[in-house]
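A single structure is presented below for examination.
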Amino acid sequence: DVTLHPGLGPAEGAKLVDTSRYESRRDGGYTIGFSNVFTGNSWVIQLLEEAEWRADQFPEIEKYIVTNANFDPAKQVADVEDMLAQGVDAIVINPTSPVAIVPVLERAYDSGVAVIIVAADAETDKATVRILADQVKFGRDGGEFLVDALDGKGKIISLRGIAGISVDTDRWNGAAGAFEGTDIEVVGEVYAQWAYDQARQACESLALAHPQIDGVWSSGGAMTQACIEVFNELGRDLVPMTGEANNGFFGAWVENKDKGFDSIAPQNPTWMVAEGVAAAVGVLNGDDIYTEYQVIAEPYTADNLEELYRPDLNDSYWVGTILPDDKLKELYGQ
Amino acid sequence: MQLTGLPGMCHAVVGENGAGKSTLMKILSGVVRPDRGRIVKDGEDLKLHHPLDARHAGISTIFQEFSLLPNLSVAENLFLGREGDIGHAMTRAELAQRSEQALSELELNIAPDRRVGSLGVGQQQMVEITKGVLADASVFIFDEPTAALASHEVDVLFALIERLKDEGKTIFYVSHRLAEIFTLCDDITIMKDGEFVRCVPTALTNEDEVIEGMVGRPIAELFEARAASIGPVLLEAKGYQGQAMKRPVDLTVGTGEIVGVAGLEAQGQQELMRALAGFDQRRGGSLTLQGKDISDIEARKRIAAGIGLVPESRKDDGLFLSLDIADNMQSAQVARGGLFALTPSLGELTRDIMTRLAVKAPDARTPVSDLSGGNQQKVVLGRWLLAGAHVLLCEEPTRGVDIGAKREIYRQLRAFAQQGNGILVTSRELTELIGLCDRLLVIRDGGIVSDVPAEGATEDSLLRAALPTSLDGGQTEAA
Amino acid sequence: MTRSLRNLPPAFWGLIAVGVLAAFTQPQFLSLPFLMILLRQAASIGIVALGQTFVVANRSLDLSVGANIAFVNLILAHAMWSGYHPFVAIVVALAAGTFIGFANGVLVTKLRASAVVVTLGTAAIITGIGFLYTGGAPGSSISDLVKWLGRGRVGIVPVAGLVWLGFAIAAFIIMRRLALGRFIYAAGDNPFAALFSGLPVDRTLLASHTLCGFFAASGGVLLSGLIGVGSINLGADYVLSSITAVILGGAVFGGGAGGAVGTVLGTALLVTVLNLLTVFGVGEPGKLIMQGLVIAAAAIIYQQGRRNG
Amino acid sequence: MIGKESHRSIAQRLQQDAFWFRQRGALLSFMILGLMLLFLSLFLGERFVSTTNIANLAGQLAPLFLVSLGQTFVLLGAGFDLSVGAVISLTTAILTLDFPDVFKLPLAIAAAVTVGLVNGVGCVYLRVHPIIMTLATSSIVQGVALILLPTPGGIAPQVLVTAASGTLFGLPAGFYWIIAAAALSIWVVHGTKYGVRLYATGENPQSAWINGINAPSIRISTYVISAMCAAIAGAYLTGRLASGDPNVGIALGLDSILGAALGGTLLSGGVGGPIGTIAGVLIIGLLNNGLNLANISPYYQFVFKGAMLIAAVSLFRRKEAGL
């Protein structure tokens, strides 16, 4: 039987998938397609590596196909159609848009292909399995940490991801929920595309424009890392900032712990897609798989910091991988 | 300026090059807006803001610089801009049929779908004429229609104009060929330097009077004395032929000599000049400069060796309009160095040449686009003086240039030659070539057909050599 | 006097306006530390824009600068340099970027295909080669030397700012003191006249594309140093920003206008405006609209000035 | 008399007949397309020649067809329109607003026409370079789209969903959109006086003007046509995706120029046309589709596409080097 990552648990109200739908495909030689959003950052790169590694472990997978939509929903629709034309048995998809790809996914589902939605949701009932991280929780965990650390009052700035992407809005909604009813005031908000370089410039501008900043809420670790460096460079005292389970950020945290820096690192595991591939195999094999899984990982805190940080690997490594160590060294060795 | 045309009459407009004939015609056809004055037709004031206004007013123009679009077909060109006059849009077949009909009236055998750019200049001129007379107009303007025509085509055209006259149309006819005017036209208006000189009935005047009116002063005054003696050969072509040239040519330019190339419109003058300057691959023959063989070296090296080209179209091929005078003048000089050579500072020499050429401008940093045509031409000449060229290949050195600037340019060309250099010059203006040059070549259909001293040459004799006889079929395309 | 006043790039007036605005609304914006930070932010984009100036003045365009920067970053971050002096990686990266520019130049001059299409094509190829070369892995960290270039300071002055100054001077010399600059303006203004004056028209275009590649790569080195790690999509937004800076600096395609000084001012204006917008809390859509309005206004005003002149 | 003129070799006709001279590029790209088709069917077999795949292709390519055809008009008039991508985004944003359906389509078209007019007036009367002008409007329009629709979503009008993703006589809707757009633009360019005037204007606005053609209006009209085509492409995409997305058009901006350029329309104006664009867009589409079907790594796909692009465009040599 296929076993999924222990960090996953069936979501509330999830049922077992009716695998009889896929019996006709149970020939032990599967073609599985993964339609990816884009290839532009280290999180996605690790996700691709893990998914491919996971696919390699299954002898049942005869062919594993990957496409990249470059953030273009129309291209993703085309990619899925091309996969269908190639006769895939299951499609694992990391949607570019919660709605745009729905018609083609429904078409796929209706034609008997297993549809596995991973990492970001799509608004349809016609999905075989969903594997999602709770992005609202990601944001709320960070928000609650700040409320605690600041005793419920102070001025903060917020570093957001890409405008118009649901992961970004969900995280921010979670955080905003946590700030509700407290005296925390958001004095500056900027989209830095989850990127180090943009966050650095944004943080510099905000830090200089606002003489008083008591905390930083960030939608991603690279952005936090940039902000820490900006504060250090400007000679300002470090304030609590929310982070993410990324090696570069952990490095910065470790380095600045002595200066009284504190943070929290929610997880958005890279292995979701790999588990999506595994779930697809499970469904096709007729194993017991639930219709929806949630990542149940709790955020990392200062307590786990030392054991998680890998000084031998570089900044691009995302903590909590399923990849074996030799593969990690190959990818991220210094 | 005043000009009156009567129904059923042909009114000639004559004047030197640049006298403003074309400009006046362009005003009548709505292309150029007049600064002041009125245009009255059938008792009504015309406001011509757009070529269409002129067309609606019943004025049709055959332009000197063709208004044809080379990549459109003959049929498309013929009906361009007035597809609407014919009611509904025409089908391809209809268009073709009507074009063929119109073309055959001028005895032209050209397929209507033929691309105009693939036609010879003579045929293009005939298409331009066909287009003009196709219009349902009461006034027809012909601006130098015969410049590029062979003699039998001229006959066709004349028959056509006679017919228009019989139909009671008004015709304005611009030409440099006085003989034509005296056979065809009823009145003559003479222009000079953009101004009206006088208007006389053809019957009451003669060629000499007209010429005197056009020039206004004895021609000799315009030009410098010819070279007393010619030194050794500077540039020599032996059977030289570029890819675009129809025939190989032999020619020499001696030290201190100005050699003119005369000929009808588009007989291969430009192809010859560009081939000699190296902008066309050599097909055969040899070319030597000061005894050195330069047949096989590319244009840039020929320039470095001392050849300079003054292209005909100043604005398209000669000038950097958004750069200043100094940058324009120094370009050829700077081009001799490598990419990473230091540029010369403004320098005495540049200023000196500006003064010598009497370029009218506040300073050397004035953009050339602020200069008048004549001063712009001086800048192009200055470029080659500054670069130290030995042989100048000059295409139409005084095109669209006023009389004062012309004189200046003639003087400079002569002075340049006198300093031990040579010049090969083309011009549409025969009087200019006769006055300016020491020796004249006549080019016809790509070949040099005559080589005579300029002293004693007459327009008539040159024209006779330049015109194709009906027997040798110089313009073979028009069957 | 009036002529030289009229010839000032739009960015000059823009900077004055923005400076006054900042002085009244965000005075800390004009403090020395902030200006130094702006300087460092502007340095990498500033160098890329200087490179873009050569091709734009030459009536061409390079849309591959973003891919060029990403490629430079991949090389700098590749583990293969761990055994060598950090200098080697920089030289190799610059050589690669310069070669990309050279290839663009060869393709544009020899194929006579539109530079828009050609440089888009090379951008796709470089991106693909980059992915293949690294297997998609973002590479390891970047040497301290590069980091110093990107983040270091001499006193309070950022090293990157000094590097930018150096490149600006070099660009100024090339454009205004070397024959190449004359050729670029001349061939950009009228390629036919350039040919008939004996200018090496093709070689000039080749040189300006090559220079653009070199400048883009140099900007890529600074940006990589600032980031400190390998990053896959680095510099994607530099294509648009570099063209914007050049336009604000008063260059149009061909037409003999623009230059090193204009582009430096254009970059300064662009970076300042974007920062001010961040400070004012203007969101992404607002920034896009503002950027568009600034480009259009600059181009229109400048064009009217030229027409009346 | 006509006999002599009409007996010409193919090579002569390509050089001498106006229509063929302007369509030489199209001929070449149809040859490339033929080779690609042959190659793909040989190597991919029924995976490629299957009805599902052909149907997919029609659906995928319809938007690019629409914008590229619009872009062709602008290029023929010697312009350049980089703002089409943003107009597509804006259209999907408007069409999925919370607003009665009947008003949305007219509003979207009106917005597109406005953008086209601004582009046209900026390029023609204010004499801003088309690349600069349309870059600026592109940025502005994209910003407006993001304000109207900050995140993907919204509900597409049901009419559009049916019109974009239904099937008729067993053929997907996209197929009919393509046929309609292609037929209409070929008719406009080759069957009306507007088409001739467009070629004339693109070749030489001054000569066109002397011939009584209102060249400035023609040039402005091309930008309006292009924006409207983009709006129609946006409407199709909204229907096909059954929702709006403020980023959906970004990739199509440059692709539309590539489509037209690959079809032999010169970026310097007056040569080429919609027939070639059809081939050009099919080349891009087959390339994507073929590479996906052949299961080539996305990394190689970048290299392949870039190389193909340069190779194909290098077949259409021009006089000038540069832009």
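Order of writing sets the labels: A, B, C and D. Residues in every chain begin at 1.
In this section, contacts are C-beta pairs under 8 Å (C-beta built on N, C-alpha and C of every residue); 3 or more make two chains touch, one makes a residue touch a chain.
Here the structure is a predicted model, which is why all the values come from computation and not from measurement.
Q: Just to be sure I understand: going only through chains that touch, what's the smallest number of steps from subunit A to subunit B?
A: Minimal hop count between subunit A and subunit B: 2.
Q: What is the chain whose Cα centre is as far as it gets from that of subunit A?
A: That would be chain B.
Q: What chain pair has the highest count of contacting C-beta pairs?
A: C-D
Q: List the centre-to-centre spacing of subunit B and subunit C in whole Å, with centres computed as mean CA coordinates.
A: Roughly 46 Å, centre to centre.
Q: What whole-number Å value describes the gap between the mean CA coordinates of subunit A and subunit D?
A: Their C-alpha centroids are separated by 36 Å.
Q: Suppose each chain is reduced to the average of its Cα coordinates; what separation in Å results between subunit C and subunit D?
A: Using C-alpha averages as centres, the distance is 30 Å.
Q: What parts of subunit A, by residue number, touch at least two of the other chains?
A: 39, 163
Q: Out of subunit C, which residues touch more than one other chain, so two or more?
A: As it turns out, subunit C has residues touching two or more other chains at 131, 136, 284-285.
Q: I need the residues of subunit D touching at least two other chains; which ones are they?
A: 146, 150, 298
Q: Building nodes from the protein chains and edges from chain pairs that touch, which of line, ring, star, complete or other describes the result?
A: It is other, because the touches fit no line, ring, star or complete pattern.
Q: So, with touch as defined above, which chain pairs make the list?
A: In this structure, the chains touch in these pairs: A-C, A-D, B-C, B-D, C-D.
Q: Spell out the residues on subunit A that touch subunit D in their complex, using ranges where they run on.
A: 39, 63, 65-68, 70-75, 77-79, 81-86, 97-103, 163-166, 169
Q: Quick check on the complex: what are the subunit D residues that touch subunit B?
A: 1-2, 4-6, 15-19, 21-22, 191-193, 196-197, 199-200, 203-204, 207-214, 270-271
Q: Can you tell me which positions in subunit A touch subunit C when the two form their complex?
A: Listed in rising order, the residues of subunit A that touch subunit C are 39-42, 45, 48-49, 163, 188-191, 195-197, 200-202, 204-206, 208-209, 211, 233-234, 248, 314-316, 331-334.
Q: Mind pulling up the subunit C residues that touch subunit A in the complex?
A: 26, 28-29, 31, 33-34, 37, 41, 79, 82, 131, 136-141, 151, 223, 226-234, 236, 275, 278-279, 281, 283-285
Q: Residues of subunit D touching subunit A in their complex?
A: Going through subunit D, the ones touching subunit A are 47, 50, 52-53, 56, 59-60, 63, 146, 149-154, 161, 165, 237, 240-243, 245-248, 250-252, 288-289, 292-293, 295, 297-298.
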